[in-house]
Amino acid sequence: MKLFGEKGVERLLTGIAFSAISALLLIALFIFSEGLPFIMRYGLRGFLFSSEWQPQAGQFGIFPMIVATLWVTLGAIAIGAPLGVAGAVFLTEFMPRPVMRAVKPTIELLAGIPSVVYGFIGVMVLAPLIRSTFGGPGLSLLAASIILGVMILPTVISISIDAIMAVPQSYREGSLALGATTWQTVRMVTVPAARSGIIASIILAMGRAVGETMAVIMVAGNAVKLPGSALDSVRTLTANIALEMGYATGTHRQALFATGVVLFVVVMALNSIAGLAIRQKAGRR
Amino acid sequence: MRILPKHTQRAAIAALGGATLLTLSLLVFIIVFVLEKGLPVLSLRFLFTNPQDMGRAGGIFPTLVGSVVLPLLAVAIATPLGVGTAVYLTEYTRESRLTRVIRFGTDCLAGIPSIIFGLFGFIFFVTTLRMGWSIISGGLTLAFMILPTIIRTTEEAVRAVPRAYREVSYSLGATRWQTVRRVILPNALPGIVTGVMLGVGRSIGETAAVIFTAGSSLRLPSSVFDSTRTMAVHFYILAREGISTENAYGTAAALVIAVLSVNLIAYWLMNRVMARRS
Amino acid sequence: MNKMLQPTTGALLLAIVLTGCGRQKTSITMAGSTAFQPFAEKLAEQYMIGHPDISITVQGGGSAVGIQSALSGAAQIGMADLVQLPPEAKDLTAVPVARDGIAVVVNPANTVAGLTMAQIRGIFNGTIRNWKDIGGADAPITVVSREAGSGTRTSFEQIVGGIALSKDALIQDSNGTIRETVANDANAVGYLSHGLLNEKIKALQADGRDCTTEAIMAGTYTLVRPIYLLVKGTGSEQITAFIDYVLSPEGQQTIKSNGLIPVK
């Protein structure tokens, strides 16, 4: 290690410290340089708000995919957020600490299940169930929402538990001392105090739902149209990229990178909001 | 009539407990479903023989190799960068606008969907740098993807090293780098390994970013410039294309076991770090 | 004993791979058409037995990737399965190596046995929406098609003619996924490469003709597209040798025994 002097090491580390931000900029640069010229040429309004996606005919409107992404994400949140937050509250406030300490890592472990496995189970179990119960093709908005809803559960539970645990014990003791039940304490004291952390967990989960690709391709059916009901097949922004990338050339390919630009912007916005929500409460360490 | 708090309490417990139970059973169902169907197929022979006929028959050996080599390459690239960043942030600088920018960048990078990493890797490594669909393209792309995880966990671990250790080291006349190298990094090692393991776990399970950068060749790679197929990609192709449901389940079981054991090791190490801190 | 040996060999091979001591080999990359990919894998496998100095890697990606990667040099041989090659392929030498029938397929539970071209057009346009309108059970039709840019879809739409795909159509990104989707849904209809037909799905007659090798060779079954290997310029000696092998009686026999139609 005499290779670098003390100063050399510091300079080297300073350089390395920029690796993550350089990676981010490099990614943004390449996605935008492929996608933005297309958006400029085609027109942002036509790209974002037209419903015609006919690459062979030179029509590239991603409105149905934006709407689909929105619905699938909201559906996933509608399923995953209540379940996840309820689980977090139950485990922290109504269960003995050792139980929580055992269950939380188990749930976090499950966050590692590859998304293709979720997608496969969606195709094998969920889609046939939806088809036989409600009709329609089974591969649908509903199927995608449910699969994503389950996928985001570990994220919601884990971060919500951290947020609820961070609420000072004295808050609870004060409330209980005033004669409130545990539930009243949870509802009126603990959860409101942990609100920003819980919201952050939901926004991060939204980011994951918006960005998920393989599981969605497998269960959503990928039809390009504005969904009329939850049983309709839909295509999300991510699915559009992954489905057609292999076959796309020229303008079509640029349009897919432009789809990537839209996705990038949406996810960045969500992450920034989540970051703000967390920071607002915790302050910087 | 007023509902007694005692009753709402009971109802709330029932509802919350039910939701928790549902959550746990859903997640457990997924594991059980995959293992139940996959374990009968899984054997050492399945893991270590070559596939035949696109994976319709035979084992998954080349994809096992892919799932070992690709994550290893990714962490080999990302670990020095991640640890370096974390050490810089904690030991070499004070909180400033600069550190905030670096942290914000790290958070943003962590949130980027894997399909975007795939697109980027394809246009940058595969096309622009002419690396082709290869282990090196895939490894570099995955390295970008797991960098934030390694930075964050290392930062946590480095912060968990007690102040006193540093003070003793400095008072003995050690330089900053000597302190980092001899005192801080050894003590933070379990935490660093946790981050690395989490990165490995994520790399093993990744599909979207890998399929666009490392390709999907089923042949055993002979160098890092060859294309490879990981277990996750193999499973995706087997299941999607209906090549062999049986082998798909077998691959899925191998995949899930691999990811869960890697993550398990990571959490076990993380617990040790946490225990020391408190 | 044998069981014990397997992992050891595996570990050994792994060690070899990890140290990266690859032998010097001429490496050829093929990329493109997912319909031809399995055949290319098989042809490459056979060819490499006789030519240990050559290493052929086969990638999917689709016909467009085949054309693009052959142009850019990412692959030495592109694979495309289009009735009409796009204008940018004019700089490539296109060698037809096989023909492929496109079968219109339904779930085996479906009672419909055949469709006319007009009915196929109606179904994929979304004007015929229920199986009872074309002699089947009273059930809505689930149309399954390929993504824009797919060679199979482009060829299918060109041959049938006048198709503006219904917006309700599910989109799957390969022949195999079309097959799986149709196999899982009793009301689905899709189309895929004749070479990938199996017992999970039922091929329909088109205009009264069965989708068989004989009917395709005789020219009576009309949903047929050519498969091209694409090379930039004239290609190296090794590449020409491999393409010659694909066109040789042995290569064509491999193509035929696995469900595609020889070129001649």
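Think of it as A, B and C in the order they're written, each chain with its own count starting at 1.
In the analysis below, contacts are C-beta pairs under 8 Å (C-beta built on N, C-alpha and C of every residue); 3 or more make two chains touch, one makes a residue touch a chain.
Keep in mind that what you see is a predicted model, and the values were worked out from it rather than measured.
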{"item": "Chain contact topology (line, ring, star, complete or other)", "value": "complete"}
{"item": "Pair joined by more contacting C-beta pairs (A-C or A-B)", "value": "A-B"}
{"item": "Separation of mean Cα positions, chain C and chain A [Å, integer]", "value": "35"}
{"item": "Centre-of-Cα separation between chain B and chain A, whole angstrom", "value": "17"}
{"item": "Shared-contact residues (touching 2 or more other chains) in chain C", "value": "60, 180"}
{"item": "Multi-partner residues of chain A (at least 2 other chains)", "value": "123, 242"}
{"item": "Residues within chain B bordering two or more other chains", "value": "240"}
{"item": "Interfacial residue positions of chain C with respect to chain B in the complex", "value": "3, 6-7, 9-10, 13-14, 17-18, 20, 22-23, 25, 27, 29, 38, 41-42, 55, 57-60, 72, 74, 174-177, 179-180, 183, 200"}
{"item": "Contact set on chain B toward chain C in their complex", "value": "44-45, 47-49, 53-54, 61, 64-65, 68-69, 126-127, 130, 132-133, 215-224, 226-227, 240-243"}
{"item": "List of chain A residues in touch with chain C within their complex", "value": "53-56, 123, 127-128, 131, 135, 137-139, 217, 221-225, 232-233, 235, 242-244, 246-250, 252"}
{"item": "In the complex, chain C residues that touch chain A", "value": "34, 60-65, 67-68, 86, 88, 140, 142, 147-151, 154, 167-173, 180-181, 184-185, 187-188"}
{"item": "List of chain A residues in touch with chain B within their complex", "value": "1, 6, 9-10, 12-14, 16-21, 23-27, 30-31, 34, 82-84, 86-87, 89-91, 94, 103, 105, 107-110, 112-118, 120-121, 123, 125, 150, 153-154, 157, 180-184, 186-187, 204, 207, 210-214, 218, 238, 241-242, 245, 256-257, 260, 263-264, 267-268, 270-272, 274-275, 284-285"}
